[in-house]
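Two complexes, one shared chain (subunit A), two partners (subunit B, subunit C).
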Partner chain A sequence: MNEFFTLMKSELVVTIILFLLLFIKIGKGMSNERLLVFIQVLLLINFIAGFVANEEGSLFGGLYYTGEMIVLQKNILNLGVLLISLLFADWFIKSSHLPEFFILMLSSLLGMFFLLSSGNLLMFYLSLELASIPVAAMANFDLQKRTSSEAAMKMILTSAFSSGILLFGISLVYGATGTISFEALPALLSAAPLQVMAFIFLFAAFAFKLSIVPFHLWTADVYQGSPTATTAFLSVISKGAFAFVFVTVLYKVFQPLHSVWYNLIMLLSIVTMIVGNLFALRQQNIKRFLAFSSIAQVGFILVGISSNTAEGTASVVYFILIYIFSNLAAFGVVGLIASQANRESINDYRGLYQTNKFLSWMIALALFSLAGIPPTAGFFGKLFLIKAGASQANYFYIIIAAVNLVVSLYYYLKIIRAIFMEPNEQPIAAIRVSFSVKLGLVICAAGIILTGLIGWIYDYIQLLG
Partner chain B sequence: MNLLLLILIPLVTAVGVLLAAKQQAKWIAFGGAAIQLITSFVLLAAFYAQRTAGNTTQFLFEQQYNWFPSLNISFHLGVDGISVAMILLTAFVVIAGVLVSWKVDKMTKEFFFLLILLSLGAYGFFISLDLFILFFFLEIAVIPKYLLIGIWGSGKKQYAANKLALLLMFGSALVLVGMMGTYFGSGAHTFDLPALAKLNMPVEVQKICFPLLFAGFGIFTALFPFHTWVPDGHSAAPTAGSMFLAGISMKLGGYGCLRVAMYLMPEGAKEYANIIIILATIAILYGAFATMMQQDFKYINAYSSVSHCGFVLLGLGMLTKTAITGAVMQMVSHGVMTALFFAIIGMIYERTHTRQVNEMGGLLKVTPFISTALFIVGLCSLGLPGLSGFVAEMTVFVGSWQNADAFHRIATIAACMSIVVTAVYILRAIGKVAMGPLKAGYETITDATWNERLATIILISGILAIGLAPFWLNDLVRPGAEIIMQKMSASH
Partner chain C sequence: MSNALQIALIPLLPLAAFVILGLFGNKYVNRSAGIIATFLLASSAALAFYTAYQYFFEYGKVEGVYQKVTAFKYTWLQFSDQLSIDIGALIDPITAMMLVVVTFISLLVHIYSLAYLKGEKRFATYYAFLGLFTFSMLGLVLSSNIFQMYIFWELVGVSSFLLIGFYYDKPSAVAACKKAFIVTRFADLGFLIGILVLSFYAGTLDFNTLIERLTSLQSAEFKMATAASFMGISALTWGLVLVFIGGAGKSAMFPLHIWLPDAMEGPTPVSALIHAATMVVAGVFLVARLFPVFQISPIAMDVVAYTGIISALIAAVIACTQTDIKRVLAYSTMSQIGFMMFALGVSKTGGEAGLGFTASMFHLFTHAMFKALLFLGAGAVIHYVHSNEMKDMGGLRKYLPITHITFLIACLAISGIPPFAGFFSKEEILLAAYHHYPVIFYTALITSGLTAFYMFRLYFSIFWNKQTQVHSEHSAPHDSEKHGEGGLAMMLPLIVLAMASCLAGFIHFGNFVTADGKPLTTALHLLFSVAPVVLALAGIGIATWLFLRQNDSPVKYSNKLGNLYKAAHQKFYIDELYGFITQKIIFNLVGRPAAWFDKNIVDGLVNETGNGTTTLAEKIKAFQSGKVQQYAIYFLGGVMGLTVLFIYLWK
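What follows is the complex of A and B.
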């Protein structure tokens, strides 16, 4: 019984918070401002609790497993959720359904926790559903906007479709090997046609979640239509969690099929980077732009994943940590501007520096980090991904990745140019940045600068892997 | 001598500039640059002291701190004579650049912050002995350039800023791939330069990685046909930006070619030397002839920079000790000279509000100081003995001539021819601007202010120090070139 409490601590804490929020919802005694602070404190406690009394072990006959690396990944996700609660305070306070939003978000987070800890395909499937379905409801939270419902609809349909594919893959795996346990699978897998087929179906399900080309088509519409807080959650937390699981499953379970998935990943990552970059070049809406840029970022994550070494895992986890800071900072600014000035087009950002210096610097820092410009952490993240990928000595692949870095710089600079250089007669008026948002942005900025420069962060991650 | 100072001083200055009030920003930047100049001289003195005391270690004042131990990346610093020369150059250009930007009124704090950040990248680059941090500092410098041109520039500034940032990033991307190839191909799994230099890398790896690294760094120093960012970037940049670009930033490339590509991969260098020579000769001639056609004063100097930087690559490609020494001397000499040239052009533009050579005339009568400086820098550019340009180019030619075969001779002679062309365009431009009757409307122009005079004097003293007494620079640089040549001949 004790073991149950210590090992499942992260999940239990989130569950308790969930129930608290449910009670609050029934009680209806608090104003949004106070409620938000209360939630932020709860999430902070949740984040801190992630660091104490962690143990390694498995439960329920291998169905649930946790270890140092998994705890770290959960902590990173916790940090992301905490930052979201800070950064989108403006929108949350205006929202008429504040507790529900957090209930859904935390349910999804709980699903991700189980996903990270799952030790068998059944558990894996159930937690994946728990992680995805609430997000569709979150996408529908801009109740007066039709695009928001459209986004939710698209999200739920693609989710269902990818779940179907996943289930089919799982059934094939079970048919071919007679087991669904992650521990027993590697010994039974080989590159037989049926098993390759099963693997490809599983892969497709991941590709949907991570929006790897050609399974990316839902991304842009959903990102654009959803409220920015949901978009941020979807593009950062959800993507991060799936990337973590993807690495583990590929490296641990499907190791015998390495030769199959290496080529698959290389191919898809090249296509993903190129398509993401080329489409990002043409976008006018900043959320849509960030959607395509995040597709390109996933292409980069795949470069790291292709390495098939401990360094690959470490570089992916490290990159996601940095990605959380950078992308959330970018979405934070975009969300604030969307919520107060109701403007989302890149052209509206022209001349922003004249009126909003702090926000301009923050989004610039975030974009530089996304583009991989030193001294921001994004530089280190991308470099280590490439370095991990280069261990396979595939120069062609590395050159394409490096050239894509240049292309991506072009469109990130487009926004920088609009903000700092282009004149505008009606720039966005000065925006009031509340304490909570400011705190969130400053934490992100500190993360963007320090995560790279402090070398032991990477070393710590690598030691765990 | 603690090399960390060279990074910390600009860092503190940059933070100071950000925290200061708008009016104080320039003073803080100036103070920081002055302290940095003094530190550079202290470094030079300490370096000489060590060498005269008989310390023949290749890199002096080495420091090494673990940064990413699990990836074998360490913060490894150290200098040899070549780095010391480049650091001195940087310090000269930075202080002059700050001084001529005295009147920048638009976003003053941001301007000086970016200038200092750019210089930080250069200082860090020149003292790194680890490929990873070298690359880190190389890339730090890209964004300040972009913003300096895009925000404070003139003309087609956004186009130029974009072109520059993308081409330089493309160069970095090539360097990055070459770096990864070195890391894994050498089998040593390290980015440490001295460690990599000790082991002989497999020839196949050298043949793949050398062109990547050389072309990558080459883009920074206007390697033909990737030179196109130079004219646009230099002419659109604000005065200090042009000075930094031509005086420091282009030198990062030459230094990288030498320190990384050639030093680590002598076999690769031999393999591709002829291609380098051909490209360099084209750049020299093409740059010179292209300059003849320009009317815009900044374009004149920008294109002539392509030509002059061609000498750097030519010297490197010749693979003789003297030619490599000459190449480094040309880097230093061209850095100081071109910075001064851009500074003078900036001063003239501020007064006449035109950069078209045809629209100016007779300025010697109203601005004797500026015009005299213009003469000095022009004569230096065309290689008048007694000034730095002559010393450096002469060394390159002598070194090139040591290769006895027809191919090298032809390339050398072709490159020599460009000097005639240089004389034509320089004398024509200077003559039009400074001599002849004073054009109407320029009667009330005032001569240089104290800060402009100080900047000019600092840079002219640099030109004279190299031109009149070249031996100190030669002695500083030659041992570095010798080590590379030893590696080259040992790898037969």
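What follows is the complex of A and C.
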């Protein structure tokens, strides 16, 4: 019984917070400002609790298992959620359904936790749905905007479609091997055509969640239409969680199919990087731009994943940590400007430095890190991904990745140039940055600078991997 | 160990001045920047004097021999078990002497600049740069290993660059600082390769260990370094010559001297500090530091000696024809450093034969005093006349009496007239060359005659000759304070230096600084002194005859000399030669093709990639239509396509 509490601690804490929020919703006594602070404190407690009393083991006959690496991954997601609660404070306070948004977000987070800990395909499927469906509702949260509803609709439809394919794949796996347990599967898998097909179906579900080309088409529409907080959650937290699980599933369960998935990942990662970069080049809307740039980033994550070594796991986890800081900082600034000035076009950002120095520096730092310019952490993140990918000695692939890295510099710097150098007749007016947002941005900035410079963070992750 | 702290503070105090004034200077303490920096430097100078005193009179001497004392040392980068880069401080006689020279001259320049740069907009920046320079120079002389020295060597170059280009709105200053930087950079490349060669064979970067290993004839390192050869010359010699190239660049030796005259674009006190007394002798210091190793290789010693004497002669000839007073002084500096160099080159270790080393260091010391005095005096003149050109000057002795007297003392000192400082040191140098190097000796003798001539040409042109009209409006008594000699802050350094120029010669340098650390008694040979002094007096006499009164004989004689005069006036066309090599040969044969390649191939490729991607992006835009049904079809198509690909085609 004791084991139940210690092993499932992360899930339990999130569940308790969820119930608390439900009660608050029923009670309805607090102003949004106080409520937000209360929620932020709860999320902080949740984050801190992640570091206490962690053990390794499995529950429910192998349905659920956890270990140090999984706890670390959950902590990283917790950190991301905490940052979101800080960064989008302005929008939250204006919202008329504040508790619901967090209830949905935490439900999705709970789903991700179970996903990370799942030890069997059924559990995997259930938690995947728990992680996805609330997000569709979150996408609909700009209730007065039609684009928001459209985004939610598109998301739920395409995600249902991908779930269908996933279930088909799972049933094929079961048909071919007679088991759905992660532990038993590797021994029974081989590169037989039926199993390859089953694997590709399963793979497509991941590809959908991670917006790997050609399964990425929903991304831009949903990112653009959703409230920025949802977009940030989708593009950072959700992607992080799925990338973590993807690594585990590929390395542990589908190891016998390595020769297939290596080529598959290489192919799709090249396509993803190129398409992500090409589309990002052309975007006028900054949220859409970030969506496509995040697609290109996923292409890079795949480079790390392709290594099939412990270094690959470590580099992905490390990159996601940095990616959370960088992308959330970018989304934080974009969200703040969208909610206060209601402007989302890249052209609106021209001359931003004249009126909003702090925000300009923050978004510039975030974009530098996303572009992978030293000494920001993004540089180290990409360096380790590419280094991990190079362990397969496929230099053609690595060179293509490096070339794409250089191309991506162009569009990131284009925005920085717009902010700092281009004149604007009607720049965005000076924006009041509340304490909460400022705190969030400063944490992100510290993360962007320090994560790369403090060597033991990567060493620690590698130790766990 | 308090001693270590005391020595560490000597360079750190000027660094503090740099940091404080660099960060807050222009905004908060612009006016008082000079006072702050001067105070910090005075503390540093006091410590340096005290350190030198302690070293020479208290602990430095063990059984009659001056020891090399490592005050502190800690490992900075450990490459392997044997090889590491340390940061440390090594005190020996030449370091102690250099500490005194650098802090003393720097302090006087700090004081002098209080008046000279008063009202300058970037006053604090100027003092910050001075602090940086002093810090780097002190770090250089204290270095306990060759790599540390290289770091400070570069830092000195940077601060010199910053100070030459201090008036950055003047195009000539910008060009000059670039030139200085680039020329010395090329020389530094030689230095760096030399360091690598020497340390590769010695297996260490530490000065003491390096010298010990490369001078003991039995050690494995020494055998390896002399056995390995390239183009018939041993690796040891190559290493030393390369290191010397670095020193020659910094010390403006022929043919790497072209940056020094142009460097006079910097503020005049800076010229006094950097381009006369301290930085330019870094090359001499470097050779002196590695002297025991240089001694092993006769070829390297000859290179040092002949480079020195050629530079001394050429610079003296050019100095006779220049009309910009600072340029005259610049060439005279180059000439005097040539003296120091060849004195090292002809020296041996131990006893009478080691006279050259002592003489060189002695001359370095006295030269720092009187050359700084000359520059500061020239600064006072320029301050008054607002021009560097001799033709704008003349008859200034009435308006600038103190400057006049001190300048005269300095001229006598540099010309080697007894009993001024330059006489004693130059005499020792000539004596050192006399026995074994007749060619060098006679050339040096002629050069010292020339020195007297061009210095007095300068002196008479400024203070006698025609009556200048430029500043008649200034001569009104009520105005004199404003436009006179610049007050106490400017006069005090002149007077102090003039006293030093009179007295420095009486120090028994042989007691303190020798090649082997043992005292050396130097005697004055009266008969030997006759020839140089007579030659110097002759030089002064000719200068008096030509320049005391305004007349046309200088023009007449220079016309008679014809092409020789013209060639010397054009600095023997060395600048043009460099210009030809760089612009015509290097630019055309290397630069242009490289630029073409960069522009058309590299840039073209990049541009094409950009254009190509944009076009491609335009084409696949239709792919992203916003329709969910189509998304589903692409999704399904993707799954099926991949399945087919991986089951049937790509196994």
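Miscellaneous remarks
Everything below uses one rule, namely that the second predicted complex is superposed on the first by the 465 of 465 C-alpha atoms of A that agree within 3 Å, B and C clash if a C-alpha of one lies under 4 Å from a C-alpha of the other, contacts with A are read in each partner's own complex, and residues count from 1 in each chain.
Quick note on the criterion: contacts are C-beta pairs under 8 Å (C-beta built on N, C-alpha and C of every residue); 3 or more make two chains touch, one makes a residue touch a chain.
Everything numeric here is computed off the predicted structure, so don't read it as measured data.
Looking at the shared chain after the overlay, A:L463 reaches subunit B, while subunit C stays out of its contact range. By the touch criterion defined above, A:D221 lies against subunit C but remains apart from subunit B after alignment on the C-alpha atoms of chain A. Once chain A of one complex is fitted onto chain A of the other, the partner contacts of A:M197 are limited to subunit C, with no touch recorded for subunit B. Residue contacts after overlaying the shared chain place A:Y410 against subunit B and subunit C alike.
Within the superposed three-chain model, A:S391 lies in touch with subunit B and out of touch with subunit C [touch as defined at top]. In the superposition on the C-alpha atoms of chain A, the part of subunit A touched by subunit B in one complex and by subunit C in the other spans residues 410. Contacts from subunit A toward subunit C in the complex involve residues 153-154, 157-158, 161-162, 165, 191, 193, 196-197, 200-201, 203-204, 207-208, 214-215, 217-218, 220-221, 260, 263-264, 275, 277-279, 281-282, 407, 410. Across the interface of their complex, subunit B is touched by residues 311, 314, 368, 373-375, 379, 383-384, 386-387, 390-391, 393, 395, 398-399, 402-403, 405-406, 409-410, 413, 416-417, 420-422, 455, 458-459, 462-463 of subunit A. On the side of subunit B, the complex with subunit A involves touching residues 66-71, 73, 132, 135-137, 139-140, 142-143, 146-147, 150-151, 157-158, 161-162, 165-166, 169-170, 173-174, 176-177, 180-181, 183-185, 208.
Against subunit A, in their complex, subunit C makes its touches with residues 609-610, 613-614, 616-618, 620-621, 623-624, 626, 628, 630-632, 634-639, 642-643, 646-647, 650-651.
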